[in-house]
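Consider the two complexes below, in which subunit A is the common component and subunit B and subunit C are the respective partners.
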Partner chain A sequence: MGLKQNLHNLKEKYKGKKMAPAFNALHTFLYLPNETTHNGTHIKAADDLKRTMNTVIMALVPCLIFGMFNAGYQHYLALGEIQQADGFLGASFWTLDNFIIGAWTVLPLVVVSYGVGLAVEFLFAVIKGHEVEEGYLVTGMLVPLIVPVDIPLWMLAVAVIFGVVIGKEVFGGTGMNILNPALTIRAFLFFAYPTWMSGDKVWVHGAVERAGTPDAISGETILGAYAQNTSLAGIDYWDMFWGIIPGSVGETSKFLIIIGALFLIFTKVGSWRIIFSTLIGALVMGLIFNGVVEAGWIGDTSKFYGLMSVPFWQHLIIGSILFGAVYMATDPVTASQTNKGKWIYGFLIGFISIMIRVFNPAYPEGVFLAILLMNVFAPTIDHYVIQGNVKRRMKRVKVKAA
Partner chain B sequence: MSKDIKIKKGLDIKLVGVAEKTTENAIISNFYSIRPEDFHSIIPKLVAKEGSKVKAGETLFYNKDNEEMKFVSPVSGEVTEVVRGPRRRIDAIKITADKEQTFVDHGKFDTNATAEKIKAHLLASGCWAFIKQRPYDVVAKADSTPRAIFISGYASAPLAADLDYTLAGKEAELQAAVTALSKLTEGGVHVSVGKNSSSPLSGLSNAIIHQVSGPHPSGNVGTLINKVGPVNKGETVWTVSAQDLVIIGELLITGKFNAERIIALAGSSVKKPRYFKTKIGSEISTMIYDNGVEKDGNDRFISGNVLSGKQVGADGHLDYYSNVISVIPEGDDYEFFGWNKPVFDKVSTSRALTFSWMNPNKKYELDTNTNGEHRAFVLTGNYEEVFPLDIYPLQILKACMYQDLDEMEALGMYEVAPEDFALTEFICVSKQPHQKIIREGLDLMLKEIG
Partner chain C sequence: MGLLSKKDSKLIMDPLADNNPITIQVLGICSALAITAQLKPSIVMAISVMFVMGVGNVVISLMRNIIPSKIRIIVQLVVVATLVIIVDQVLKAFAYSLSKELSVFIGLIITNCIIMGRFEAFALGNGVWRSFLDGIGNALGYGVILIIVGFFRELLGSGTLFGFKVLGDPVEKTGLYAIGYENNGFMVLPPMALIVVGIIIWVQRSRNKDLIED
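So, the complex of A and B:
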């Protein structure tokens, strides 16, 4: 029993030492630990937190791979070197060239996100003497998917450190945090480096360095264009659905996100309640704005007209509302914890996302702000849901007493 | 009167090694052991000193808070050892049994007596130990008046002894006990029986029979209480397990405390799982080796069911309340990439590359591995799927952990017992010890509120 026995001996040797959590974290990646139950239930179900987190990562992988191809594709397309791809299986999309340049830009993001984030996690685990919790496995995967391709790596590293320390560790680590760490990282980037994150250059690889030169290319997203009451040429709804549009790395392909969502719902890891209610909330808000436009209260000279007049269902295929609903809002730690609360929580996320999207001219993507806002309110929602149960109990006593 | 209780939330964990319906007489155990820790929160005052002779049904110790409440010996013999723990706490009282059993004769009891007399008789004869109360899930206080008494006649836990089988032919004893208990409460004796079973309990008079169906924990007495009438603040309900009714009933009819009960020996490590006739406190080694476990096997012996029983050694004893001994393999081994590879041989409520949802009728051979390390609570919404009570399980667990008495009370702590949280503990992805958390929460409330 070579490896297994050697690792076991090492584990015994490190037991009680400072470095034990760090070693165990690596050890448990190779082997499910030999821990047994004590009193309580003598048997346990097969799932542990690693398996759960791993399921989310599996749901994210298609988005990541697609994101790599898309990064390359948008780059070459903007340079005018390739033809526009025709649909999801378009010939000029799934090419090796696209993948190579995409991987070359996206993989460093993944490496920095995981490397820096896990280093912080290990550090805190060793200092505080608890096990390394798996929460960051998903966060580390989400982060590269929700940033622009051309974000400088040092910026990402700073943001990750901030997000993990302030967003999570100060509250006591995984399971205790109030704000979604991935979104905290995104929010930090947004507020610390606003010119980068909301500019019209960062969304296509190569657009920044060429800015101001004769080779300048556009690096704008559809949302940005809509917000300025214009539109991007040559993009139809199917392109938006398949995801062959500029945007953050992993959140463009609605098609793959829906597949990921179905996988998460099927495995019972993601909450279908939150996903559906977020979409409902977004559609309702979209319908309200459509109604406003229809009623003629907002003329086409208004700066809100562009996004307000977008047919309500299109809100789901532009921007990152779908990605947010499926992978961000469903984070069980920061979402509402009661089933009824999840409906309210999700609905409000969708509702507020579209509201921010329409009314915020500076940066028209409201999903992450809406989710962070609702993260803060989730405990309040839960409180009122639970009060319902508590009141029922109190009433029972009163009926008895009467 | 019969009412139906049907629950949907829950989980049947199907395990290999259900006991076959044949009963053997266990080899008569020479040594018996009574552990005061079985009677949670009772502080024992020892009566039977080391070396003294006791008859079956004679007092071993009484409750320090209530001298009337006796705890008696299951057999006649000599008290050979009183095992003490730290601060001279009594850990176990060991009795070497006589060859010829002699009983204390309490005399035949008239079940039409007054409530006071019945109470006094049960207290003095040692049968009070079988009456537990909620809130707090402890031996009932003698001065409490229960709103109602609840008895579960349906065992839905994995590998549980089939009560229809073990209680068959005991109708007279059951009836006597139920009649006596019904005098002690105004709210009636509520008895649950399985919907499709021919339980000897279903024909009882002086009781309200409920037919329960659905997955485990449909047979837990906590589920019955919650569906019939949850415990409110300031109320007390009593619970008695069905197999203990037999002992109470026999005492009332014959005047003898006969600690005999039919128990199941079950679990995947047992070669031929079956039923045994044995006594409370007897050595489990009298049963487990004959057509049972391998002598040098690496097994977990549990007095009780796999969800809420107590771990005992191979040289351990049957505890005071259990009617099943479960033996399952220990899982103290590593599993290569066990956290991410597809799992076919373990139970899971999710479908995260776990495939137990594909064949719901398959029987599993689970071991004691935790399948993961202890973590903070992360997932939400999964406990509710296996938790039929009208209580928020995650929130009440957290309230217990941060010891907020007001919140525990508001969320329904008076209604629960640790065993109600066995299923949520089983499926817990974070491997938190739910039953222990609840037990400590109840102990805290007992101490602070009383």
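So, the complex of A and C:
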């Protein structure tokens, strides 16, 4: 008797009991349920919720693995123990040493994120007596990718509980949430423990412990440096594109994010409308700011000069706007549902992201705030798009009748 | 209950739980969000509101038969404003630093919907003793929520209660801070007060299903 049969027997045994959803979740996660529907339509489609979620996770795995290498690489580079890697395939980047120390710091984040998040999901499923929902699979993967490597694990655990309960469960669980749970978690961390979520220490493993000692190392991000009107030496645009720069765990490599984006668009899981309109919005805002600098309205003494004078296309390769556009903004639950609405929604995300980035040096990473803001407005956008359609058709009917 | 009849004690007990002005009627939220970052201002605010509501309800109840109904709102405003100014001056005289901390929010008691609501809904139509009880009851219901929210926000946000460092010293790393605990900066910000009030509403309604509206 295999595990499948065992699980099935357990399921029969606990049918109608309180713990039933927990067993069912394990069962359907591992195997196809061995029961058929009894009434209604019988549609068999391959792209159920679990498949969709798994597609997104597959698109995220390269970012995660790269993030592990990068965490180790930034650590050793800051210590001065290895040479700067030359490009994506640089010899000092893809080493076992880098991977070991990276995995050692990143894997606990993944374990805490999934462990705590799924525990909350199971708890709510048992209390409410519904099946465990798959929604956390993607959230649990996104969370470790959007936090700094050295975030204390208990903070992550508190934030995950907050994000899942307040961001999702109070609204009724997966599919009912207004806000993207992963971004709710990041926002909670950002406002609750700002010293661990921003500044020039947390982005490189080991920089916090060494602060103030003779061994101190810097862990500043490019965005942070620009916001202070300085720039980091020795980093060219290709480094930013390949992602061998300090930053949150999984958002640095624009190359892998673009590959993930193509994968999502090809499998029709992610909306290309949202991704492209977000990037267009960011470029437009970047162009406007470039225009402001060129017109001479802002001198280089202004505190906005550093980020405002960045050539507009570079906004896409510094910071996490690309990661946000591909993996966060496209969340089907919290994004706009209508096609026209998606264009508006995405454009405003990009537009506001760059605006926050430039105007508020305290939050140079405004992408998550912009996406959360537009999450709130997404239903409103949809409402007006639909009303617009209704009005147009009513006119057509009237013309015909007349 | 020797002191209060059953009907009278209901006036006190109802606003404390099933008809709470903040969590059920969702009134007076503005001040509940603004001044609950710490416990002490929350308590002072609760006492101030209790004074204004108790006395205000009595005054309005005494005048209820001589107030022309066309100008009753103005009369009510005059009564509240007078009482609020008394509270404000007393605080300024005897607890200046607290009065600075509460700043404009003592003055804004005038606009607290709970007070005008009770004047309109209760004091204008009931006797003096019952109006007094109703005012005290509603102020207690308001104060209880304020104190609960203030307790959690000060404990988790600053690690203190009434200014005492109950969780240890964050600078010298004693107590909980020695093992890596840190204060939750989000708790000090007003949005978190909204979330805490929301959680209280959630807990209350899941314990008493009758309160859930469709």
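Please note the rule applied: the second predicted complex is superposed on the first by the 382 of 402 C-alpha atoms of A that agree within 3 Å, B and C clash if a C-alpha of one lies under 4 Å from a C-alpha of the other, contacts with A are read in each partner's own complex, and residues count from 1 in each chain.
The criterion applied here is as follows: a contact is a pair of C-beta atoms (placed from the backbone, for glycine too) under 8 Å apart; a residue touches a chain by one contact, two chains touch by 3 or more.
Remember, predicted model here, so these are calculated numbers, not experimental data.
The superposition on subunit A brings subunit B alongside subunit C with room for both. Residue contacts after overlaying the shared chain place A:K303 against neither subunit B nor subunit C.
Between subunit B and subunit C, the partner in contact with more residues of subunit A is B. In the superposed model, A:G173 makes contact with subunit B only, not with subunit C. In the superposed model, A:R396 makes contact with subunit B only, not with subunit C. Shared-chain residue A:P152: touches subunit C; no touch with subunit B.
Touch criterion not met for A:K128: it reaches neither subunit B nor subunit C.
No C-alpha atom of subunit B lies closer than 11 Å to one of subunit C in the superposed arrangement. On the subunit A side of its complex with subunit C, the touching residues are 152, 154-155, 158, 166, 170, 188, 191-196.
Partner subunit A is touched in their complex by these residues of subunit C: 180-182, 184-187, 189, 195, 198-199, 202.
Subunit A meets subunit B in the complex at residues 4, 7-8, 24, 28-52, 54-55, 131, 133-135, 172-176, 266-269, 271, 273, 332-333, 335-339, 342, 382, 386, 389-390, 392-394, 396-397, 400. On subunit B, the positions that touch subunit A within their shared complex are 13, 15, 158, 230, 232-235, 300, 302, 306-311, 326, 328, 330-340, 343, 346-354, 356, 366-382, 384, 390-392, 394-395, 410-412, 422, 425-431, 433-436.
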